[in-house]
């Protein structure tokens, strides 16, 4: 089969022939890929940022955001059948550790990350587990939903945690209206009645944000912290969701957060530097977020299939993967790029 | 009356005569002071650290941790009567803003801080509000409980927020076994079945910690992060309560916090510096804490009056206030210093 | 002033002259009434159902659902000024008990209920407390929002408690689309992405329900439990909000509730009769609800002023109060009847 | 092997030879039984109360409360090995449904109940699933902990849900100090600082209750509701945990529950009959409880292995099962009867 394979860090991956995966365990599932999202994390992988933490054996196939159709199942699989349309949680989990037994899939002590630790889904067939499969309505087109598998679940997970803080009269600031942020805006709008302020450097991204539910947009041109303060009566926001968390956003985010408020870190790359006096004198929180639970993904698919979350995507043939990665890197993508094998 | 008054920053306060306060508003209460705690914040006030934020008119009377007896009440006071033994919440609040109406006294938009913004309680009579008075059993000695008014409520508030995270099988690390920490240990022991690890530089403080409920103690001599990792199977703790948050503790605290865990900042003075990648890859939280609610103080008094929280104190006559401040600054106090007028 | 006064149980109240209230306490507020809602509880008062519990001295003025303009304030009132447009929480509270300090206004141990325990607001001027006043945008017409003061807050309070149970993919059943229910539907639609099923005997009420956000409506003609089961894949609903809770609804409600679900009792009049085996074998809950907090009312006003909750009302001059009560009793009101002095 | 098998409803089971179970699925586990608890539900099974709901094919082996050692494992089992000491969650679950993925094992849509729906654990070898096994310290004696597998988890699950309601100053009433209740008392004492009142008909059970942590005991001789009211200042308790819920306890329980309080139903057999007016006017809740999660059982084992929960048991050889059942039925057991094969 065709696959997008990384042979060397700091070099572009190569689209080439690779062997198809095979079933070995009773809960194994092989999925025929219908759509594979292109994520900023793929750029970071190529740059070697994940080399030490994930230690994949090169060459390997990247891609961790997938939907498709069940192609083959192991002996003990009961939740999906061959032919089912599915979207895949990014981490096949053990199902037996404390975290799994509490539903916190992202903290499974034995989880793997196809596309980071070993062969992923920018190819024709992906080996995953029954526990990673969320069954969809049969006619769903995988390319239309694939971006929910990673960008979507991550945005949804953070928003869901913030819901109790976002009662009527409160404000949610979202920093970054790109791949994750444009989904996050729709989740906040669908699940709360909070005022939504979106901050981004890119005016086109802000136009999209308005169409998706933002009540106010702020261009990040240097005055963004003051602008948010002005829009919140000087108080700052109850919740700031930072989908960027680098290049200065990580400083803005905490400053935009009001007394007793919470700053949700979702993006990464920067470093927060905060006097403990500022944390305690206002009792503000900094909240970590990573992917989401299996049920988060299932809930998000309910929103998507009800039309409450729609994706802005641009599709590329699998063989054009390198072009898609370059477009993402250059800021030429609104929403998400999707490879279609 | 005698009062401990600050005339100039960076100079010791003076114990001198000062006029007694008078009732002017319908909810005003004057309390005859029975005990006034000496807090590290008093040292910070003298150093001028709060000069800009609180802007008191010098000279003024310091002291923000008090218990005593009701001496006089305004026309609309219904919850206490003259002669009642009371402990005082540090912030008289408006009772009408959103935060007050939610019970979040420490976020009242009109609260004042006697002892920081204007005359406090290192004297014979303090002007406060009906909303700050928690009524005690009549025979309670104010000097025995005064330290709960600020050190106690602050420790209790943080511990109470951590309870849902501290189910059986989890670990709570407490950094600092001094004024706040020695109360925090007892609160964790009274309200959870978590394993308690206490970290402090001072071996005497750790001995006290063991008597108060610590299961393990760790001397902070450079190997404290590794020691906590060892005691938690390499994982770190679900909850770290940092009563120091300066002089390096603020770096240790986050490192001692395990995957999906929470680092509670309670002390202050240092600066946290954390890559956002470290926050998201493990989904850790940094939780701000400030004082506590009126009900927090009332609940803590239940624990105290049941003997589940006991204070380690050393009393000084009010006229020896400068000596008490010096002893605190030099690390000669185990638990809390209390002035008795 | 004109007032609707009850002279004898089981007889219609009389619209007659009554003395205006006067300020006596520092937190007293007199409000010029702009709108007074007519509630099923008023019918129950006339029938004597509240005589024992509330023990008002007859004759007295009924009316417990009010909005208007501040007319006079006591010496210590700081949150409103003469001329402000306000809606009134139904219970002036003490502000000092445990419940008040936790924000649970409806459980204040010293609260009074104007309109039930003593003179209420079906008149020109009402005596209440600063703590009951929620300030509105100046141009709000009190008659347009008065129904939110009791019907609205009660519906909102129950819905807000149910939000964590109503994640995407779940179902909320609302029994009764009248005064409370037609507000409840809008609250569920504004604050969750749950599927909304509305059950009522009256096809006109169901038409209104559809316009307000119901995804499915069910006529309560005997087959309503089966219909809800059919609409929920045989499982029943995660949440049932019963705004009727009499005349059989209280039996339907629990049966419509699925495994691990919650049946919210909001209306009253009937009796639930449930084998404890049915409660435990499915781990279902029965949740009591009464009025709501001050902050609940403030939040609801945010929804109302944003147009997310709109009221269906029919206004009557104050002098036509008896006609309004008769129309309500006869089922001739869609939404809520409002008296305008 | 020897097994306690039910041949006919309303007749005592027979201890006889039965075939040993065999592994067929990849997650199957066979456990050599070290202790099998005797539960009131076994009496109800014999009486035919579960015949319709569970529909086992007679004859079959009863017993649903077990601990022992792993004897054989299926091909995909990774969490336990042959020889491990284990306690068994009563319901092997699918691990793939929404409830399982949220950690709510007791609501698994495909769960089975060995001992109710098919062969259970009053025998020498039990077939269960990897997902039901909680690994214990190797030297734990199964007969010492078996009662935690059902009585324990059920009591713990209810208490854990009640913790947020049981802050200092509140009261927990426990009705019934038998098999479940005597564990519940210890859980409340270990996890909260609430005042504990225990109600039982049997003075010996109340003596045990005092030793286990009850602050007050009340003989259920007709005056128990008044006694609880007296002990709670007339208000009733914030939490009532009813381990009986039949023979009148189900009426007492709701009456003992104070304003805004919660009545937890854990036992079964009776019928609650409550006017909806009583539910709403005080905003009380009735909370269903069934078994508990896998993690509940794991947490309870932490308490047990730390000595915070100890069991009062009486052991019988497996062949004396009928005598043990008779002793339970006659009220001759303090704590729990355990069969040892």
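Remarks
Should a chain be cited, it is by its letter among A, B, C and D, assigned in written order, with residues numbered from 1 in that chain.
Keep in mind that, in the parts below, contacts are C-beta pairs under 8 Å (C-beta built on N, C-alpha and C of every residue); 3 or more make two chains touch, one makes a residue touch a chain.
Predicted model, so just to flag it, every value in this text is computed and none were measured.
Path length between subunit A and subunit C in the chain contact graph, taken as the least number of steps between touching chains: 1. Looking at C-D and A-D, the interface holding more C-beta pairs in contact is that of C-D. The distance from the centre of subunit A to the centre of subunit D, with each centre set as the mean of the Cα atoms, comes to 42 Å. Counting partners per residue, subunit D has 98, 169, 298 as the residues that reach two or more other chains.
Considering their complex, residues 25-27, 75-76, 78-79, 94-98, 101-103, 105, 130-131, 293-295, 298 of subunit D touch subunit A.
Interface residues of subunit B facing subunit A in the complex, by the touch rule stated above, are 53, 98-99, 104, 106-107, 169, 245-246, 250, 259-260, 265-277, 279-290. The touching residues of subunit B, when paired with subunit D in their complex, are 160, 163-164, 167-169, 190-193, 298-300, 302-303, 306, 308.
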